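Next up, some structures in structure tokens.
In the two complexes below, chain A is the common chain; its partner is chain B in one and chain C in the other.
Now for the complex of A and B:
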């Protein structure tokens, strides 16, 4: 973030011909001496850089917190030999891509609805955003109660209607992960919708006016104007929700703890369990692997999405 | 096992401490350092206890009584989370030199993982250790040094059963696994769930495997040593039987229908109400179900998990948690800490604990006695001790306990995985623990 002070000139709605040259940002940088950067720099060094570098070292050790023995690549070999690793890797990808995809589709639809002149629009927007504000742990524990197969509200309503026992949302190994995905989407959709509303609001009104003059119907407006011109919002939502989904842990831990058995384990929960077990070196190696996995997926994707943006 | 049972052990331990508190008046004279400078004001030491309701209540009662009698020392309680979060906290505090003056923690394999030679003060030569039962000492011994004083009582792992259902259906306590299974068929025919399982609390899924250990060493007495040396595996006989038994009760449809989501307290409720007949459990839960109904103490009994051979029928037992002194406690605080430990190792302390909360097993203090009028399950358990038909759980004979056992037993017990695959996977899990501990042969 640049340190440029906010001036009335920055307001995009009132572009001024007297706007100062862009060089002003560089000028501001130059006026701050080195010592001004020091506090932030030291905090970054001590709390971020040093632990990151150290974690790369400890990933190569058998670490009990009391002593660390260098063991080369053994931790990585052990991590990849973990019987649950393939399953958890698959679950991580399913979770990441499914939540991201659903947030894009549902978020955009909600945003279109909430951008149109409907009754109680402000209220509905707040309601959509509300779950984002609630703590993830709170959401997880609440849904654990709601989705209890025999005493939970969801299944009591279901069995009241169908007369049969509802599914074990979080206890059936075949659907536990999907249930958590649904909860994640419910919780995260508000943010995606908000980004899309902003993206749609940023589309100049001239396009809509021109489309109306040409007699376009609402589907055509959506397909030809909103969809392509809100692409920056789409790429933001994809990147944010994919990173969030791939390293998701808190919601899975509070709802299923990776269970039943290992059915909804993701890489992050495998790492956490290793940490709990006291395998500190092994779990650090797992974090390094998670870091690489997320980078390998997200970095090229982000590059690609950015290149698409400039084309538009 | 230790990890999962910590709440239970903590509970018992808590009771123990509480009891101690009540009887504190007689114990002051047992303090190990006689030249305590009371006149110079008191030494305050802090004691880290897990935050389960019963541990806290009882630890508080104990410490209050101790403080009232030993004027030179004031003990103050600090709480920590239980379970694996607690493990991490304890290890982190020890590693950073930030540990309290005293800590309560599991005995057996979890204590071995604390690197006691480096982090704990050896108590081997302290005079008060003479009051501690040798069976307990072996569970807090590492590298030839003894490190802890018991906190609470021993407990048994077996099958809690509703005696009213057994009487109504004319069943007798099974001495072999096949008797157990034929009982189950009759109970199911009567419309009652034969076996209660509660995988909503995953730790409770391990009982069929862990409480089977008496049967394992009955079949092969040196199994634990071979297991530690990487020569015996859960995937082979006799140890795989525990996994197979877990699978059998599921495959036969003997479980309560909400086994996948029910919690431990719900399981106890089913047992007390009689909608379920038998619940593989630790006796540490006795106070919890006794509080649920006026007749529960009398109606619920305990039998050991039966094996193949009625002649070797016996109970698997768990040692209490210990109280330890970290090496960071020095000088007058160390002397004060030892004074508290000396007081904890007295029969008077045990009597007082029993007065505060009904005990769920025998104390590990010489000369201590359990009071009369105990819940049936506890006196059933006492009988095994009296007859000598007791084996310690594996975690007290070997430092190896894989962290994922409770997940694996949930899989096997829910029919997600077979017993053979589950046992094999657990062997892999144990291997990681062995390498972490740096054991030979792995």
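Now for the complex of A and C:
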């Protein structure tokens, strides 16, 4: 038996007369101090918010990091006049919408299959998710080898089947961007599938029961129940993959470096190239353009998707 | 009817196994076999079982290359991941806690900023300029803070949703017992956040450990290389040594695979948090 000195923590939990048990406004202030926002907020402010705001000034300058000369819209004029630069804007849109659309369709399809009672379900779910864990650089370099026009496995299999040489997936300017899109979908499909599986699992079982009683076939179950009721998952996949796709840099840089020529350049890779070349003002103008592209597309879209969700 | 259903289960399952094997397992098997080949065999880029299985030799070679650069890089990446994820969990949960519990006039502003942090692509050169002015450009500390700044929004959003499910009566009981705000948060609330903390730790660790773009911009230089950048250096140095390139890919992927096996459930919970609206 040991005797402990009575400290305030050991005091019985009856309300003391000094502290009213009901929280008053002042009490709430003291309990949830606003300075809790400060440590994280300062880091966010200094390293994210301030640079973002500054970019709207530096984009209008010729800039050496030490000296910035205001040159008006010259950087933007150059960006929109140069075919290599303006092409990156188109590629960014193609890349963003294609990856997002493919992930929605294929992710949904895979999730429906992986939600039904089939054999080896856990194994199949794990295998489709593996690529999410590998770094983008690792995936990019692996596919660079797999898609090698002469010795790569993909073309060896293709020419074995068709008897003709396969295309230069990453070296043909007409299909290089599409090849990178395909690799991106390969890497990201596991996440989309996972989100859909969670969305489908959240649909109340009564709907499926009712459909069974009414004698609905599997297509009707998919069309009338799964498709509309997994809408929150769809909107999450669309928004997440659009944000990721429009900003994508790692994969393009490790597979094609924007080439051949400028065929697969996106805004994010232009930003890096201009930064490397020392054109800091132009690079920042690219950043501002990317900011506008992403915000103009994603913000209204997410509001619209949210409003549809609440209707459901 | 029952037999038909059972046979369709087998049919779809087998089709799924065939499909995922070709599309997902073969590339992984390719990485593995390449990593175990010798230089000459690997340079043919074939998908075949290695004639001389020398995975261990390759692993040793990869670690020794470039003056043990991969070991330095593993240390760098571990420090980066550990420090930034710790800060993210700590600072993110503090923000999420007060944001959820206190109706302040600041809340709409903070919510907007959280959203902005999720959507807006960081402005690269202005960030470098700011880091230079503060004196943290090309420092590990600077890169850690960058990862915190860029990962904070996701952390706050995920944590806030979880904290909202913790009843306020717990707070009130602690206050009545005489706990101040720090005691309340760190001794009462924080231990209750265990499951969401694990989720954040796992998801953010994968994203920071696999990050390529931010180290490339904000911490250049061989001495500071993180594991993803060693991959790039290897590619140029071993232009023809594909076996070592793939050994390197294999070696730096293993920590993430281990994490997945250990925390599968939390990864799923974290990555799907937006899909189910409560």
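The rule we apply is simple: the second predicted complex is superposed on the first by the 279 of 312 C-alpha atoms of A that agree within 3 Å, B and C clash if a C-alpha of one lies under 4 Å from a C-alpha of the other, contacts with A are read in each partner's own complex, and residues count from 1 in each chain.
As a working rule, contacts are C-beta pairs under 8 Å (C-beta built on N, C-alpha and C of every residue); 3 or more make two chains touch, one makes a residue touch a chain.
Just so you know, these numbers come straight off a predicted model, no measurement behind them.
K.L.:
Should chain B and chain C be called a clash or a fit once both complexes are overlaid on chain A?
P.N.:
These partners fit in the superposed model.
K.L.:
Could you look at A:138 and tell me whether it touches chain B, chain C, both or neither (first, second, both, neither)?
P.N.:
The second partner, chain C, only.
K.L.:
Just checking: does A:65 make contact with chain B only, chain C only, both, or neither of them? Give me first, second, both or neither.
P.N.:
A:65: touches chain B and chain C.
K.L.:
Kindly classify A:275 by the partners it touches after superposition: chain B alone (first), chain C alone (second), both, or neither?
P.N.:
Touch status of A:275: both partners.
K.L.:
A:55 in the overlay: touching chain B, chain C, both, or neither? Say first, second, both or neither.
P.N.:
second
K.L.:
In the overlay, work out which of chain B or chain C sits against more residues of chain A.
P.N.:
C
K.L.:
Quick one: is A:220 in contact with chain B, with chain C, with both, or with neither? Answer first, second, both or neither.
P.N.:
neither
K.L.:
In the overlay, answer first, second, both or neither for which of chain B and chain C A:162 touches.
P.N.:
So A:162 meets neither chain B nor chain C here.
K.L.:
Check the residue A:148 against both partner chains and state whether it touches chain B (first), chain C (second), both, or neither.
P.N.:
both
K.L.:
In the superposed model, how near does chain B get to chain C, counting Cα atoms only, in Å?
P.N.:
For chain B and chain C in the superposition, the minimum C-alpha gap reads 5 Å.
K.L.:
Can you pull the chain A residues that chain B and chain C both touch?
P.N.:
Common to the two interfaces on chain A: residues 65, 148, 275.
K.L.:
Across the complex, what residues on chain A touch chain C?
P.N.:
Interface residues on the chain A side: 8-9, 11, 13, 15-16, 19, 21, 23, 27-34, 36-37, 39-41, 43-44, 46-52, 54-55, 58, 63, 65, 113-114, 116-121, 123-124, 126-138, 141-143, 145-146, 148, 151-153, 156, 186, 191, 194-199, 202, 232-233, 236, 240, 243, 246-247, 249-250, 253-254, 268, 271-272, 275, 280, 283-284, 287-288, 290-291, 294-295, 298-299, 309.
K.L.:
Enumerate the contact residues on chain C facing chain A in the complex.
P.N.:
9-10, 12-14, 16-17, 20-21, 23-28, 30-31, 34, 44-47, 87, 91-92, 94-95, 97-99, 101-102, 104, 106, 110, 113, 116-132, 134, 145-146, 148-150, 152, 156, 171-173, 175-178, 181, 184-185, 206, 209-210, 212-213, 216-217, 228, 231-232, 235, 242, 245-246, 249, 252-253, 256-257, 259-260, 264, 268, 271-272, 274-277
K.L.:
Quick check on the complex: what are the chain B residues that touch chain A?
P.N.:
Touching chain A: residues 84-85, 87-88, 91-92, 94-95, 113, 115, 118-119, 199, 202, 257-258, 260-261, 403-404, 407-408, 410-411, 414, 416-417, 425, 428, 432-433, 435-436, 438 of chain B.
K.L.:
Which stretch or stretches of chain A touch chain B in the complex?
P.N.:
Contact set of chain A toward chain B: 62, 64-67, 69, 78, 83, 148-150, 165, 168, 170-173, 257-263, 273-279, 282.
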